[in-house]
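Consider the two complexes below, in which subunit A is the common component and subunit B and subunit C are the respective partners.
Up next, the complex of A and B:
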């Protein structure tokens, strides 16, 4: 167990180091830095979705909450002139607040009913962005959402520069993963997994299941909102279509392919599938077909997801030693 | 024999197959990234990039657009390339999929501009255009697209941005005169609009409103559907309750247009139904069947008749195994770009090429005569206009009924 923890820490440190030096490794190729930013955003979204999964729920509203964060930050900037530094936190707070209200009825549902209800919530959020045209910009969306600047006194960092934004996105994805990792490894995390395993039993053990479910859902959605704000100021344009059900589905696929039992799963899934999707871009018409084949292959050849690879390798080498 | 068999079985083990298969897949994945740079390294090349929806719900439009560029480049390369300032240049077309999404299109365009160093790009449909424009104008890259809406992203603020496809607005100045001739002005006093519930639908309704105002047609109903809808009877019922003389469905693809036609006819509606975006007859005939009558399809040349049109159809069939009128409509863009490059005498100064492109007029393309217009409306001549081939479907039979250049107003 100790060895596993040590290996895990080494793997996380290696990943962080690789992320920090990645721009140097790719020769500061602007396009590959863009891919790095997209990976960061996908990791953050998939990880926060995984947090809801740790309760045993699959939410299709997640992209909607990402959208709330994105729209909050975008509108604060375009209508009030407040920079992303406000938008990030207010976007996360808005997503969290709305999630809290919605979670009260939503978290009383289970299984397929939760699935359907979360799908409806995501769709209603998207439709609201489209319907209230004067406020949200309708289907037209919101343009000119600029990245911020940061004056450190001795130097001013302009995050419109892609390299700077890469490190900003990396900082927030590390923060998101760290928060979820800490919660998951705490007593609260164990409570979530006990709810995941058997909600009724957890309730009979004295756990306030409903409260924990509402709080976890709220935190996960707030983190999705934070990711949304980062997304908006990077893409500089958002529309209701940016946060439709497909966005939630892709995040879910990242979680499933990566693995469902540890926070490393969604991280691995989001990194690998974003890279695969990018490699397949040039295949044009066959992109979706190949992507589907890769997904099927991943599920069939790696049951349990990418997170099981280290364990499989350990077993393999142990067998080889004998 | 035994040795042979054992060799064979050794070669065909599951593990071996998986290993070789994965190597082949890895090679296949790496090839598109490697080939474009190596294959053309020795010649003077102009790279033209396509950030087009090649998968997803609007892939049909993206594929059709791509075919025009791939075919045109092949024809020009076979003829020795294009001459710029006395030097021959070959054309290389690189295509990346956008899935018809804004963020994906932005990413694809970044790759084309930053990695492949394309100075000329093309796209298809509104979402891909919005994503593309965020990259192309700041990078001074010339873009040619098919996009009907987002007019705030068109004109003097986007001087390198051309819209090669006539929108429903420009088409209207050809199909409305034709309909007035066919049915009589008194039979076309009022109209209704049916379109998708998104920005494309809203923009097309805006164009429709301007058009109907120009022709003095009263607007009786406006209905929007969701892209996921399969039952069009409710909105068609609401529309025909207002008793419009004719219906415009825009920008609705052939399947949805056919469903609207079928619903309208089954509920007893007799007036003409015009679809400026369907550009195809087979699906409409298949889905609407005996109800396919009184259908007006502008910019749909189902009967290639000139030598140029026939040659394009033949080449597309040979090269892609398929040909449709929409692909024919887009085939002139690359020829206009070629003329502009030759006229400007530069393959790198995109501003000079844009100025030249705005002056290009072609006489003999799949869509007949083409030119760029729109100066009075948008401040620059950046909107493609061309002969509008209008096909009609009556009593389940499609035929090319009219060809005319849009009678655009002076304000355009």
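Up next, the complex of A and C:
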């Protein structure tokens, strides 16, 4: 057990180091840095979705809450002129607050029905952005959401630069993953998994299942809102289409392909599938077809997801030792 | 008054067709406990089969509906055997991911194969009658009649035949019915094929009323899911009622206010139904 803990720690450190030096390795290539930022945002989204999954349910409203964060931050910037440094936190807070209000009635539903109800919530959020044209800009969306500047006194960092934004995104992704990892490894995380395993039993053991569900959902949605704000200021343009059901579905797919039991799963899934998606760009029209095929193959051929690969390798080598 | 009647008739017509798609979905869920996200794609493929049969090759319309149903039945059965059978009994998320992959593959290869231009199937029945100020087109009447007949036929199939009984038994308790000698694997592909064929027939009906495009499956999936959640997963009767509710909302709100509001309102209705009845109107509490 201790050994696996150490090796996973080494793996995390290696991943962090790799992502820190990645821009240097790729020679500051603009496109590849863009891919890096997209990967970071996808990792953050998938990981926060995984946190909801650790309680045993899956939300399809995740892109919607990401949208709330993005729109809050974007409108604060375009209407009030507040930079992203405010928008990030206010976006996350707004997303969390709405999640809290919605979760109270939503948590009455269970299993498949929760899944479906959250899907309706996500659609309503998106449709509202489209419907209130005067405030949210309708289907056209919000334009000119500029990235912030950071004045450190001796040097001024302009985050409109891709490289700078990459490190900013990386910072917040590491923060998101770290928060979720800490929660998951704490006593609260064990409570979450007990709810995952058997809700009724957890309730009888004196756990306030409803409260834990609502709080976990709120935290995860606030983190999704944070990711949304980062997304808005990177793309400089958002529309309701950016937060449609496919965004949630892709986050879910990242979690499933990556693995469902550890925090490494969604991270691995988001990184590898985003890379696959970008590699398939060369195939033009057939991109989506191939992506679908990769997805089905991954699910059928690698049950348990990417996270099971280390264990498989280990048992493979052990067997060959004999 | 006549306007109201017109809206009610359109809503009823729409609702029956929605119910046809949704019943297939609810059947698949009830028997296999999988979320078939590519159900709308079956609807789309059904419509395109009829399009090639009827509009391109000029063959008989009603025979085309039958051919389309048979083709999609086989397609659905093969999909079940190849892709969904290995995942049976595993976490519901895996089969969901596979069906999401299917949506991507089918809808985008549809765009490559069929092209993105809007197509239409010529109506088999034309004309109409003016009744007390409301216009009744024969086409819509025929479509309503066919949809209703199919729903009743399915109901009889599930209630009166041995295979129907086996389907209901597997939906109720797979292990016990397997012990009683029901071939659950066979029931699985039959139910999957049957559900897909229902969607295909709905696609054929809808294809003459509306235009057909390779991306139309997604909206059908959304509608079908909305209905199924409203009525309760696994409940055929619930899907019928849910379909009629959604058809009415679509018809009445779209004509009086706007299409956007109709969609938002139907989501709000679903949300409220789920809050007060967490398993839908006629559903069971699935684990």
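Here is the rule we go by: the second predicted complex is superposed on the first by the 322 of 322 C-alpha atoms of A that agree within 3 Å, B and C clash if a C-alpha of one lies under 4 Å from a C-alpha of the other, contacts with A are read in each partner's own complex, and residues count from 1 in each chain.
By definition in this document, a contact is a pair of C-beta atoms (placed from the backbone, for glycine too) under 8 Å apart; a residue touches a chain by one contact, two chains touch by 3 or more.
Keep in mind the model is a prediction, meaning the values are calculated, not measured.
> Using the superposition on subunit A, tell me whether subunit B and subunit C clash or fit.
When both complexes are placed onto subunit A, subunit B and subunit C end up clashing with one another.
> Scan A:235 for contacts with subunit B and subunit C and give back first, second, both or neither.
First partner only.
> Pick one for A:153: touches subunit B only (first), subunit C only (second), both, or neither.
After superposition on chain A, A:153 lies in contact with neither partner.
> Give one of first, second, both or neither to describe whether A:285 is in contact with subunit B, with subunit C, with both, or with none.
Touch status of A:285: both partners.
> Who does A:249 touch here: subunit B (first), subunit C (second), both, or neither?
A:249 sits against subunit C, while subunit B stays out of touch.
> Which partner chains sit in contact with A:27 here, subunit B, subunit C, both or neither? Use first/second/both/neither.
neither
> Touching A:119 in the superposition: subunit B (first), subunit C (second), both, neither?
A:119 contacts subunit C only, not subunit B.
> After the superposition on A, what does A:206 contact: first (subunit B), second (subunit C), both or neither?
In the superposition, A:206 contacts neither subunit B nor subunit C.
> Looking at subunit A, does subunit C or subunit B touch more of its residues?
C
> Identify the partner contact of A:106: answer first if only subunit B is touched, second if only subunit C is, both if each is, neither if none is.
So A:106 only meets subunit C here.
> Using the superposition on chain A described above, determine whether A:81 touches subunit B (first), subunit C (second), both, or neither.
In the superposed model, A:81 contacts neither subunit B nor subunit C.
> In the superposed model, identify the part of subunit C that clashes with subunit B, out of 113-121, 167-175, 185-193 or 221-229.
In the superposition, subunit B collides with subunit C along 113-121.
> For subunit A, what residues appear in both contact lists, the one with subunit B and the one with subunit C?
Touching subunit B in the first complex and subunit C in the second, residues 130, 285-288 of subunit A appear in both lists.
> Using the touch definition up top, name the residues of subunit B that touch subunit A in the complex.
Residues in contact with subunit A: 29-30, 32-33, 54-56, 59, 63, 66, 94-97, 99, 101-103, 106-108, 110-111, 114-115, 127, 130-131, 134, 150, 197-202.
> Which positions of subunit C touch subunit A when the two form their complex?
29, 35, 83, 86-87, 90-94, 96-98, 100-105, 107-109, 111-112, 222, 225-226, 228-229, 233, 260-261, 263-264, 267-268, 270-271, 274-275, 278-280, 283, 285-287
> What residues on subunit A touch subunit B, complex-wise?
Answer in residue numbers: 29-31, 34-35, 38, 130, 138-141, 235-237, 239, 241-242, 278-288.
> Could you please specify the touching residues of subunit A with respect to subunit C in the complex?
Residue positions touching the partner: 58, 105-106, 108-113, 115-117, 119-121, 123-124, 127-128, 130-131, 249, 252-253, 256-257, 260, 285-289, 291-293, 295-296, 299-300, 303.
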